[in-house]
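Have a look at the structure that comes next, please.
Chain naming follows the written order as A, B, C and D, and within any one chain the residues start at number 1.
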């Protein structure tokens, strides 16, 4: 789960990391009031769950409350990489001496936390990584041992800082690791981490991603989930434990297991079709979930046929068949549905379908065959 | 550093472990008042840094404040294995259903914490260990991973408890491990850990030993150190970083490194003498420490000669020689001192001694020769 | 032979009394797996379809000689269940549970370095050696004993590929679903090493996905060390682009986590790379000289 | 050969600018040890007697090719210094520091299982291979190159025994002070294994103390696995009885931690057990056929 900048900063502050004073505003007037309250130069920053907002014009530095109102007017409602801006963070200004980059993420290969640090912070950090990799210090943290004092020193020496500013950076890193562990984050990134002209170390931005699997033990973070921001169908899918992503084609796809669904997408494309979505009902899906999944997939008006590809393991064929039939009955879907059922209890599932086949349901033996059939049906106009 | 029962219990309470209500008393009258305050049956328990006080008559259960006063009168001043009782703990009574044993200690061989648990708690636990080892559950805790939920379950199942009492035991173990780690203990032992008739789990006794090397980060615990309880010379030694233990012979012994000093004791015994003490000046002793050490060793009236056995590593021969000379000069010691100096800067040390030899100082080439000489000098009457 | 599980596997089921535990224990018994014990704390003393249930893994292992376990406990308790298995001396542990917190797995996979055990998963279908032992949730009836080793990050896609192999009459030595989570107990390379060392495995199939760079690392290993022919398939050519915040991910992976990039890397390493599950079976047949 | 340190040892000194660090670095250089780097955070860029000083061990190892370190930092920082060495890939780490908290060492010795490195100490004199390398605080001039391997829990007692050997003209391959703390990086058995494998070591001397049961475990190993003759000496026959609170210690050790019990166990295992340092040298001479 991704946190908005203002939420991420709130989290970092809980762990003792310094940020600028800021106020969230959802209207130009609120932005004006915020700027007035903060006084002086302020930044008006789009709150979106994606990168690249700076380049998209989503950040404006202004000198008066009225300018802040105007900036908010321009930014609110803006579309940044498919995300609509619905809130801005109005943040106090500060005189910056230097910009650094600091993040902690999970290194899948090493199976350890990885600290990345660079004195060349700012928007072009990926370019720095590519063209001048030595400018980025990389440090693995052993998950059982945790962050060690020597590692904090290494980063401080890499920064070339001294005195109180060095201590400020050391404290920031120590606290950032505590935040990373304490909130079960898979990413905590501060870019830029700045040294102010008066020698303080501040997080000027904050990107925090919390592991979804851990949300059961972080109620406070789970509550931050922004329901409005998600696509309504994606949101509905999430609520019943499905993975759903809308795409631009006309063949609705539904399967169990991310790998099989991805492969189904590939095969549909190879058969000349265009997938309308990615929908994984996951392991052990029951009739209820299958029914909801079908409902979500077909609620997309572009969908002309549905390919239902199940290879049971935890998921059982009989449950799937019952779910499918109940969904068709309940919703009266009349789109052509191509079903391919294999694996655990597939026999039973196929039998349930054979006994009750609605006329818009077609069964196929193989995945390739099913894909070809679904593509053909979509091409012929579907409903 | 060993804690008294009442100190150990205070520590355990800080970590959420339940104990009985108790009041420390240093006079019979205080004990009477304490019993009055607690009401009903109370236990009057000698506070000493050694085991076996129960068998020595150091614990009495009484039914009235006056009886508590009498019990305290009997117990205060008592000598238990060489420890004088200067305080008693007056503790509320409780109806006990069963007695268990629970401890966490450092297993040197496995290099892990070791939990020992038995449903056969009480004074005879060592006998249980010897004759019925299966009655004691042993569980290693990985130092980096810490105590795991499954391990708590194992102990609870071993106890055969259920419901709230099982939860009470689980909580006690979890908290005891936190206490063990949090206070850098090398031993936390609750014997007996009791289940009361109303199903509570209570620590009826507490033995806690905290690693001396960690006291720098536990000021609160370091403050508990009972200066009065120690032998004044042992105490003085401790303060300047020396290891000193008084023994019953007449040859004072002083060396660097526990192994060498132990070996010196052995060689003195083999030469027919009796060591008066164990005194290790440790690694890197300077002139000041050497001087204090000699002072402490010779303050024992029984000492008739001193064997000074130094094989320098971190400790430097020149420092040793200077320390010896300054100690002799400062204190006017006229006991015969046999010096054997080898290793780091021994040459320089020997030279310093050769240039300034007081007439009561004898140098010897070998450890055996030095031991024989010291034994002979002691036999001839020393001072 | 076979790898990880075989005739000698004596299996213990952690969470045997839960819905998934009961269902799949029944199926594993049907596949003639020696299920010797179940563990559910508080239900010790009972049994499930003749399999004795214990309160703790230590006790179960001591009483039954179990040497492998499969875990069906809910996500908040999965890491603890893995530690319990490891500390009881079991040599193969399969964690089926989906949704185990990543930070829990970081600790587990660090601890495992101090043991001799192999952890498969979590969020995986398990391990199956056809005709020998089924320590998995994989549908046993699609398998055929043979000499193709299958290793996969994806569950159902594994079944699909195995099914295609079996339909062509090509049997499997062992199929291992290593799981698709960010942190898993055993990676491609460790399984490929075991296949390379297994005289019964004549060809290995590696099934990957988009994300991370495990397939590239495996390709390097295959090129450098393996004699056994390898067929690979990466799913996700038309997958929606993942949304990522921040730069750290891109900096770590170097941005090469698409199916195209992976397949390209595989081909450069001399590995036969298929574009769909059917093609996998064709390429395996080719590699085995059965085309 | 020799064990742990030799001609190829490139030594890094952690805490080189402290009192002990300066003194012993000088002495190690005098013993012709290749001291290639020193580390003191904040003093990077300087040098001590021609040895360059760095802020971090990583940097020092990268710049100088150091492969071993010796640690003189104060106790609160010792565990961190050990971790820093291990994480920088040094293969031998000697921690001289006395007074390292036991719980710190529990964590360190757990972590070391995940590495290939050998930690000697803490609270130990270090390792010295006469004529090759001195990574220790031991007085180099009492040593003589030869074929007796010495391993000891005690510092100064080691010097005493080595001195007795040298005075009889018996040289040493390597002397290792493993340290006397409750938790140490390397135990007797691991060092005895290395001596057994070292063609240059013709006899091993083990010097123990009262407390624990490490000597008994070593005796079992010697009896079971070693061809090399072993001479042992346990100090503390007349040592004051330690005061112990509680029962846990006695239950764990089984109460066999006296010098008598240990010497008895050694003799039962067929090991020559001396009663004082001079006798050690006699027994070694006997074992080597030089008596």
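General remarks:
One rule holds for everything that comes next: a residue touches a chain if its C-beta (ideal position, glycine included) is under 8 Å from a C-beta of that chain, and two chains touch if they have at least 3 such contacts.
Predicted, not measured: the structure shown is a model, and the values here were computed from it.
Between chain A and chain D, the least number of touch steps comes to 1. Among the remaining chains, those touching chain B as well as chain C are A, D.
In terms of the distance between Cα centroids, chain B is separated most widely from A. The centroid of the Cα atoms in chain A and the matching centroid in chain C are 27 Å apart. We define each chain's centre as the mean of its Cα atoms; on that basis chain C and chain D are separated by 44 Å.
Chain A and chain B have CA centres that are 58 Å apart.
Residue positions 107, 110-111, 114 of chain D each touch two or more of the other chains.
Shared interface positions of chain A, i.e. residues touching 2 or more other chains, are given as 142, 144-145. Chain contacts in this assembly form a complete graph, since each chain touches every other chain. Of all residues in chain B, only 2, 49-51, 101, 103-109, 111-114, 116, 125-126, 129, 136, 142-144, 181, 184, 186-187, 189, 191, 207, 209, 211-214, 216-217, 245, 247, 255-260, 262-263, 265-270, 275, 278, 282-284, 310-316, 342-344, 346, 366-368 touch chain D in the complex they form. Contact residues of chain B toward chain C in the complex are 142, 144-145, 148-150, 153-154, 157.
Residue ranges of chain B in contact with chain A, taken from their complex: 144-145.
For chain C in complex with chain B, the touching residues are 41, 44, 55-59, 77, 80-81, 83-84, 87, 107, 110-111, 114. For chain D in complex with chain C, the residues that touch the partner chain are 110, 113-114.
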